[in-house]
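In what follows, structures are represented as structure tokens.
You will see chain A twice below: alongside chain B first, and alongside chain C after that.
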Partner chain A sequence: MFEMVELITSSTLHIRNNVRADGRTLNQLRPLTCSRNLLNRAHGSARWSQGDTTVLAAVFGPKAGTKKGENPEKASIEVIWKPKTGQIGRREKEYEMILRQTLQSICLLTVHPNTTTSIIVQVIGDDGALLSCAINASCVALVDAGIPLKHLAVSICCGLTVGGHVILDPTVLEEQKLKAVLHLVFPNPPLSIHHKTQSLLKDEPIEHGIITSVMRGVMSVPDYEHCLDRGRIACTKISEFVRRNLQSSAREGLAKAT
Partner chain B sequence: MTSTEGYKPESGLAAEIEVEAYHRLFPLQYYERHLAESVRPDSRALGRARDTTIALGPVTSADGSALVKIGDTTVLAAIKLEVMTPSIDSPDVGSVAVDFQMPPICSPVVRPGRPAEVAPVIAKQLSDVIMSSGMINLQELSLISGKAAWMAYLDIYCLNADGSLFDAALLSATAAFSHLQIPLVSLSDDGKLITVSEELKDKAAVEPVNKENRKLTIAVAPFSLTCIVHGKYILADPTSEEESVMDTHVTVVLDSKERLVSLYKAGGAVLLHTSVVKDCIVLAKQRMEELSEILRESLSAMEVD
Partner chain C sequence: MRELHVSLNQTQKVRLQAAFQHLSDIGSQASSGLLVSVSDTIPVNNEDGILKGHGTSEHDGQVVATLCGVVERVNKLVYVRALRARYKPEVGDIIVGRVIEIAPKRWKLEINFSQDAVLMLQSMNLPDGIQRRRTVVDELNMRTIFEENDVICAEVRGFQHDGSLHLQARSQKYGKLERGQLLRVPAYLVKRRKQHFHDLEQYGVDLILGCNGFIWVGEHVVPADNEMVEDQESTLKDKEQSYTPLEIRQNICRIANSVRLISALGFAISVDAIIDTAEASKSSNIDIKDMLGAEFYVQTAEREVQKRISLLKKKRG
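Showing the complex of A and B:
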């Protein structure tokens, strides 16, 4: 009986029987933790972590006045991305723009016209799926600050392996060996008794609409649709987690106040 | 002049007000009235892109260059090659540095003290697409393994920003790389690589190092299409005015093997459903075929000269 020596080649992801290197299945997310109201000077703050990827988001606003060139009839959103180490470069500017456009689409901009809301995102740990973590943290921070929102947003990171499998929430080591990495943001719509179809297409529910999709790498069109399906299912789970978390901390806040 | 405050511009007022004033006062309704007739103010069909032209080699001092015009959007790309020492962990690959700049000439919103926010983002996206699509094989940029390799500086300047900047920039980068002519280099007496100019190539005492490898093979070329989604309409190749009025932009990048290199949508009022994604990809596929034909024609015209 000889020992089976498993050769982990440097260029392929080691997936045996649909189990990844850290023991997760293809569709399994890392443990999510979310805490609110950590910083007492910021109007709203939240810390979101997915495994070792941790992001702290702080919200200041609404502050009076908009920047030059912005529409004064609407509120404007400003995002500042602070990396864990290193100087601010093009990557940070890209993240700032994606985050800004995503959050602008979920905020009710006409409630406080001619104001600026600043969101500062500080990366505490980066172990893959960083942009998704930041979007989730920013959304919870906006709720903590009481900024009026149309609906919440949840984000997931999917990856396509060389072998054609779709994995969710990859780590940094997995991301380096993936054929393509895709960050998706879906809405987390309000639960109500009335089933009002707000989307234009009557047979597609609102939580299936994509708010944001950012891709790096190459994949075929059917693979992309496959990733969308997996991403939507994972996002419903994350949406439930966010709601539970926000409702329980709201109850705690109410108990403290009374 | 009739008063327009608090008036919903439906019937009566539209007949009284001038078209140009209506355009300035109610831009969104102006566009929506056109979209209801399946046409746009510049009389294009909704899915049709603007006229595209590619001119190869406008910058004679660069090793490869291209000038691309999509409608009024004008973008100039130039590649300059320099010899550098490759890094220790990848001794037989060259590298590419992409820079996208929007000088104040391109748009009234860009001023010297107020650079465009979108420029570094487009530069990064271009860099990602060029690297991940496999357009260039970096090993072809290697000269002597471990000692010398080419560093390609790709500089893209926007000369006139009228919407679809990323599409024009990507097309100009692809055209510039297709046009690139790698200069001949030979080893001088003191071990340095020097470029051999065309006239002296036959009289050179030393044999050039890279005589056979003068052009890069473009295995797959990525082509992109930016669309605007508004309600149930999809507008292909928007102008800058359309981009400012309607805020949901989707950029689809396909390569010549019909693989998806990038699908970029960031925020926007409209949520994208799968059927809309499929329609955008179909439009991008048509555009890819148009653009690869235009690129092929301009390359063959170059070769005839």
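Showing the complex of A and C:
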């Protein structure tokens, strides 16, 4: 009898009073850090970490020539995913494909026709929400390399627990017990420079549009929409963070070099 | 270039932070331009008549930035200049490069670009100086002019159809560079100026600031006139026997270290800045090897702050 009771309790996430196992609330994200220009041979590089999940992205390009099957009137993007341990298998190929299609939609492909831009993603630590972390890191690395983009892509990972709660940015332990895990990528809204203060009003509609949605598990449609809303709000916070980061480093560089 | 690994103690870190803070304050006062990030809208007065340049695109009738950088306006052209951009070659740039490969009738040089640059045999003066058609014998003797791993100074003549550069080295000031150091700095720190060849007479040193971020510091070489073939043999023997004097070698190292220091701090590289740093190190009796140490690093940053403050005061009146 005792063993059976133990099995049941360990397979559900301990959420009491809307506080998760590591002390966060349902909607709270782990601490984000982002650093750019780490590698001196790559044209652009960025390191993004959410808690213990850390990903290093490097961008090389644009290089001359496209692959054989590609359209030579557009630039092509190539993604190489390197896992922390183990051989490259099907899961890495899946991540590469998702990343490639996401980044293809944010890059301006007609600026450098007949070129290839390579993005290499190296997983340094994996503690949940790995794909989101990688997409954020690659986007910042593309900005660092000076590749023209339509808008920034900001990614968030949400999950639906067995009890019906929606949690953001799950850890590996939480991910294993979730009913469904959803990775969302939103474009960050174009910001007018003069109207900076006004656009942060809560009543204003946030930019619509979604770039990528990848789900593993089973979820009902109202739950999915719930996740979308939560994810969008969280992504505005992340995109503010990215923007502040870019502005401050740009200001510093401008002050020194002129 | 690898970042300088300077280990600063606590007071030095504080001083360095204060210096950089001063610089950004001065920078914001000088109001050089509008900083934009990706997908920020750029304020334009009249929509018609504005040419949208590099780094911009149109979105919903508004001009939107596609790069992170500074907005520059030239008459009706609006474009975004990226701050830490890769080297973008233009016709007429002075370039310092290293020979990687010898191909039929051309040399392939490594410059700081996505592809190797090409220096054709026709774009190079022959050793005997006569203007004639290059024959098969010349092609076989290419190695006597430049070999692999030689450092060469040349000028960009144009672009080839696949985007790689076409160089020319027809003047006397271009050609093989010897007796000196090649330094690699980030290309955006070297701005395009009227003069890239500098002869520092008080040090006896030649300084070439390549636009691609390769900087040559070497012993001063008198640009020789076209010599006859017989004279060349004797001068070769002279070259082997004469060594660069110790003082000139020390000056070369001092200037090279000041270039490394300025690029590590992230300041724009100009002849005045290099000479100032070298003079300052000489006057404070700092050893050449201590120039890359923590103390001089912080002192150089502070000195730059002082210079900018005085420049701002002069501008104001």
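In this section, the second predicted complex is superposed on the first by the 236 of 258 C-alpha atoms of A that agree within 3 Å, B and C clash if a C-alpha of one lies under 4 Å from a C-alpha of the other, contacts with A are read in each partner's own complex, and residues count from 1 in each chain.
As a working rule, contacts are C-beta pairs under 8 Å (C-beta built on N, C-alpha and C of every residue); 3 or more make two chains touch, one makes a residue touch a chain.
Since the structure is predicted, the reported quantities are computational estimates derived from the model, not experimental observations.
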Clash or fit (per the criteria above) of chain B with chain C on chain A: fit
Touched partner set for A:62, first chain B, second chain C, both or neither: second
First, second, both or neither for A:188, with chain B first and chain C second: second
Contacts of A:238 with chain B and chain C, given as first, second, both or neither: neither
Which of chain B and chain C A:250 touches, first, second, both or neither: second
Partner chain(s) touched by A:152 [first = chain B, second = chain C, both, neither]: second
Which superposed partner A:42 touches (first chain B, second chain C, both, neither): neither
Three-chain overlay, closest Cα atoms of chain B and chain C, distance in Å: 14
Residues of chain A that lie at the interface with chain B and also at the interface with chain C: 187
Touching residues (chain side chain C, partner chain A) in the complex: 1-3, 20, 23-24, 26-28, 30, 32-43, 55, 57, 59, 62, 64, 66-70, 82-86, 114-115, 162-164, 188-189, 265-268
Touching residues on chain B, where the partner in the complex is chain A: 109, 114, 117-118, 120-121, 123-125, 127-128, 132-134, 231-232, 255, 258-269, 271-275, 277, 281
Touch list for chain A against partner chain B, complex: 68-69, 89-91, 93-94, 97-98, 100-105, 180, 187, 199-201, 204, 206, 208-221, 223-225, 228
Partner chain C, residues of chain A touching it in the complex: 37, 40, 43, 61-64, 108, 111, 143-146, 148-152, 187-194, 243, 246-247, 250-258
